[in-house]
Amino acid sequence: MNTRDNGGRDVADWWKTAIIDMQPGRIAIRGREIQDLIGTLSFPQMIWLSVMGRVPSDGEAALLEAALVAAVDHGPQAPSIAAARMAATCGVGLNNAMATGLNMLGDVHGGAGEQAVMVYTRIADELDRGTALEAATGRVLDEWRAKHGKFIPGFGHRFHKPEDPRAPRLLGLVDEQAAAGTVKGRFAHIGRAVQTHLNAERGKPVPMNIDGATAVIFAELGCPPPVARGLFCLSRSVGILAHAWEQTEQGGRNKGPTPPGYRWTFEEPQGG
Amino acid sequence: MNTRDNGGRDVADWWKTAIIDMQPGRIAIRGREIQDLIGTLSFPQMIWLSVMGRVPSDGEAALLEAALVAAVDHGPQAPSIAAARMAATCGVGLNNAMATGLNMLGDVHGGAGEQAVMVYTRIADELDRGTALEAATGRVLDEWRAKHGKFIPGFGHRFHKPEDPRAPRLLGLVDEQAAAGTVKGRFAHIGRAVQTHLNAERGKPVPMNIDGATAVIFAELGCPPPVARGLFCLSRSVGILAHAWEQTEQGGRNKGPTPPGYRWTFEEPQGG
Amino acid sequence: MNTRDNGGRDVADWWKTAIIDMQPGRIAIRGREIQDLIGTLSFPQMIWLSVMGRVPSDGEAALLEAALVAAVDHGPQAPSIAAARMAATCGVGLNNAMATGLNMLGDVHGGAGEQAVMVYTRIADELDRGTALEAATGRVLDEWRAKHGKFIPGFGHRFHKPEDPRAPRLLGLVDEQAAAGTVKGRFAHIGRAVQTHLNAERGKPVPMNIDGATAVIFAELGCPPPVARGLFCLSRSVGILAHAWEQTEQGGRNKGPTPPGYRWTFEEPQGG
Amino acid sequence: MNTRDNGGRDVADWWKTAIIDMQPGRIAIRGREIQDLIGTLSFPQMIWLSVMGRVPSDGEAALLEAALVAAVDHGPQAPSIAAARMAATCGVGLNNAMATGLNMLGDVHGGAGEQAVMVYTRIADELDRGTALEAATGRVLDEWRAKHGKFIPGFGHRFHKPEDPRAPRLLGLVDEQAAAGTVKGRFAHIGRAVQTHLNAERGKPVPMNIDGATAVIFAELGCPPPVARGLFCLSRSVGILAHAWEQTEQGGRNKGPTPPGYRWTFEEPQGG
């Protein structure tokens, strides 16, 4: 067995964090005493302080709050919501039902906001190199499609036509904060450039959706792409909880995806 | 195959919800258009509307926000935080690392707030029957211990001595709102009665902890016990995200619980 | 920081296990070198050695294998299977899709075998006290229903009528091993007594189902009730994997519970 | 609401599978009646039938069984095992503790076998194009490293030196089956070529490990790379169950990663 003669310092160092410090009777988050934060910081401010290490300005916090409010739910057709509702009838705790839904927010179900932040920041990098906005947008979108396939994250919607009702409202709030000087507005500009480019390509509107709009906010706030996924998860956890609790109250046991009478289609094996 | 000749109504009814209504271009949460909620409701207000079906008063929302802020993190010694950090080094998505932590908030790790709400509401039921507060408190605590064992949820703390720094602050905020008339203050009163009773039993302070204090708030807001667990989960998800992201930035591969040199103790089988 | 001057022994002891011992170049499971087990033990034998600490007899292993084979799948109407299939379209790893399904095997969806083992062993305890079989059966079933509600775990089936095709086969295999003397057959006897009792109560057959039959096997093998759940989980993980993989090959993105055209029913709030 | 006038066929078709067919009283897996499989097929045979759609030959089944036995556990330093043990003290069900561990078997913790199958099959593709084995091996390894970084999956081990005790035994079993003609032995040949190449590159042994060896077996059996991950998950679920159950019996509440006295190291923020 390997031991170190350092009084256990290596064991403590194995779990190293700048987020929280604790002694008996004391908790500090990012160096600030917890009792000074309770009743002082809003929940979005606390989220940003915990995750990103600083308290956002009021304008930034307002945008973060809007993004968190906007994405809480999209109904029981979403696999994360359906799975959490089913889990609530299977005899597990509410935290397990919530975790079940959260676990489904992978690259396809939960990743579009993260991916849109990546697209926007690539365009911003191009702008920083002196490329004009239209050319930068075209280049980054072509690169994205070459690597990832035809879907541009953050635009268009299978269901919401003519447009996702959440996106214009969110963009409008970004415009307000940009006008007030609390954010630069650079990524609203970039997001609209993507919008314009896609409309021209398709010959019809391909409107920004919730993921493209929240990504504008997350990019304005300087949030790394994976954290955009994490923040979407915090938001969607609200809908997941609401639905899991509602299903708990409705009852049911081992709820499947369709009414029990609808069995599935069995595919006969090929050949003899 | 069973089919119904009702145009698919039974399939739609299988997923019945009062939380969200959607048509192309329209999303409404509890009957309110989403674009009217974004930038209007705070995140705690949106949480309460989604989960409980109504927008809380400003005073209620302030208490809910305080409870959500207070419980976000308790450091990497908490299994939920440690597991999420380890998951972040195993090559899964950030949502999967978050779900891993959330899945651990079971009856023992995440259930104390829910259980404290149950204790408080049982005492309230006794009061409603005309029992005096001291007798009601004693009776309910004895019943609880007979059924569940010696731990009274919400009081005492393995680590924080002389007291959990979050609890007095939260109780103070409840007192303020009670004084302002936005909540009744009944459960702060009950929580303190439990406190007094336990102190007398043990002959030394057994101070209210984070779970006992947030439970006062959740009970004041009329929150069913399992929803108290759900709200604690929303709060703790913030710390889980923060730690999972920090670990992602720190790096590491397949991070185990202790530095690799410390292997585990093998227990020889008994007998020959 | 608390440290111990014991060369890290306390850190190693924190993770104490009798299951596995390792040094560089050496792995031993329950004291047996891994390379001596590979290609020597069957997978069911390895399962029992790992979980229960001993290699089962050939007859015991045959019954365990039959129980593991019998419970692998019950189709996409089972929430665990449906959720795993949906997860496979959400952009998570196959292990995450499998974990999603496994997480749903709670007390209601995955607990019946564990609960049936509890019922059978209670009856056995009564027999050990000298109670006659019929009286013991009646007493234990009445106690169970008083505590847990009307469902007796392991008997009847929502879907399989006249009977669950897996149960008679499993019971027959137990009879064979009892005849050969490799198991006592006590719990087959008890299971049949429950069957007889329920038939008489209802006035019609309430046949033993997969959970009641595998529970006979698990009880014959001396398996604690929670381990019965764990073994059911190992079995059902096979179907979960098969379905998650098939869905991966079929494709799809964000697969919901019903065809997209079937939206859910929105429940209008009561009142004005 | 979109409905189809087809008697619900579209709802049944939404869940289409070739794995299982069911009517009341009948269950068939891949077209074979379940009661004919119970007590007839081994668990590995049932796994392959369910997942891959055919019953493997006896020789193939022996190799699959060896691979499943070999990978069941690697001790509490593995994050999947540690997390499952911690979960078992948090008041969740045993299935939830198992799911917690399984959820951690991502690309880094559980992906090496899958990735090794990818490397082996790329080399086989090169051989099919007429490239010599040594050149094919070098080319594929260089491509892999260019894309994925310096680790070649399946070879070397942080802990087991001079070698992983499971790999030679597994390779030896493949050699036996190849000699008997039940498998071609092509991938044992390829695996050894990778071994030779890496040894020469590093100037010291870089022995095949458990993932490289099970990958030889999975590739011999024609298993797609993600299914190799799934089979590793089935195997590791055994150790996860064993450890979660052992921890349950040992007791504890909210078990953290290190003894409670070892708190973590707090990193002061930089600057003022």
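In this document, chain identifiers A, B, C and D correspond to the written order of the chains, with residue numbering beginning at 1 in each.
Everything that follows uses one rule, which is that a contact is a pair of C-beta atoms (placed from the backbone, for glycine too) under 8 Å apart; a residue touches a chain by one contact, two chains touch by 3 or more.
Keep in mind that this is a model prediction, so the values were computed, not measured.
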| item | value |
| --- | --- |
| Fewest touching-chain hops separating chain A from chain D | 1 |
| Relative to chain B, chain with the most remote C-alpha centre | D |
| When chain B is superposed on chain D by its C-alpha atoms, the rotation angle in degrees, nearest 5 | 180 |
| Same-residue or different-residue interface between chain B and chain C, half as cut-off | same |
| Between chain D and chain B, distance of the C-alpha-averaged centres to the nearest whole Å | 36 |
| Length of the line joining the C-alpha centres of chain B and chain C, rounded to whole Å | 30 |
| Distance from the mean Cα position of chain D to that of chain C, given in whole angstrom | 22 |
| Multi-partner residues of chain A (each touching 2 or more other chains) | 1-4, 8-9, 11-12, 14-18, 20, 22, 75-77, 82, 91-93, 96, 99-100, 103-107, 110-111, 159, 257-258, 262-264 |
| Of all residues in chain A, those that touch chain B in their complex | 1-4, 10-11, 14-20, 22, 24-27, 29, 33-35, 37-39, 41-44, 46-47, 50-51, 62, 65-66, 68-70, 72-77, 82, 85, 93-96, 98-100, 102-107, 110-111, 159-166, 168-170, 173, 224, 226-227, 229-231, 233-234, 237-239, 241-246, 248, 250, 258-259, 261-263 |
| For the chain A and chain D complex, residues of the former touching the latter | 8-9, 11-18, 20-22, 30-31, 53, 91-93, 96, 103, 257-258, 262-269 |
| Chain C - residues contacting chain A, complex | 1-4, 7-9, 11-12, 75-80, 82-83, 86-87, 89-92, 96, 99-100, 103-111, 158-159, 253-258, 260, 263-264 |
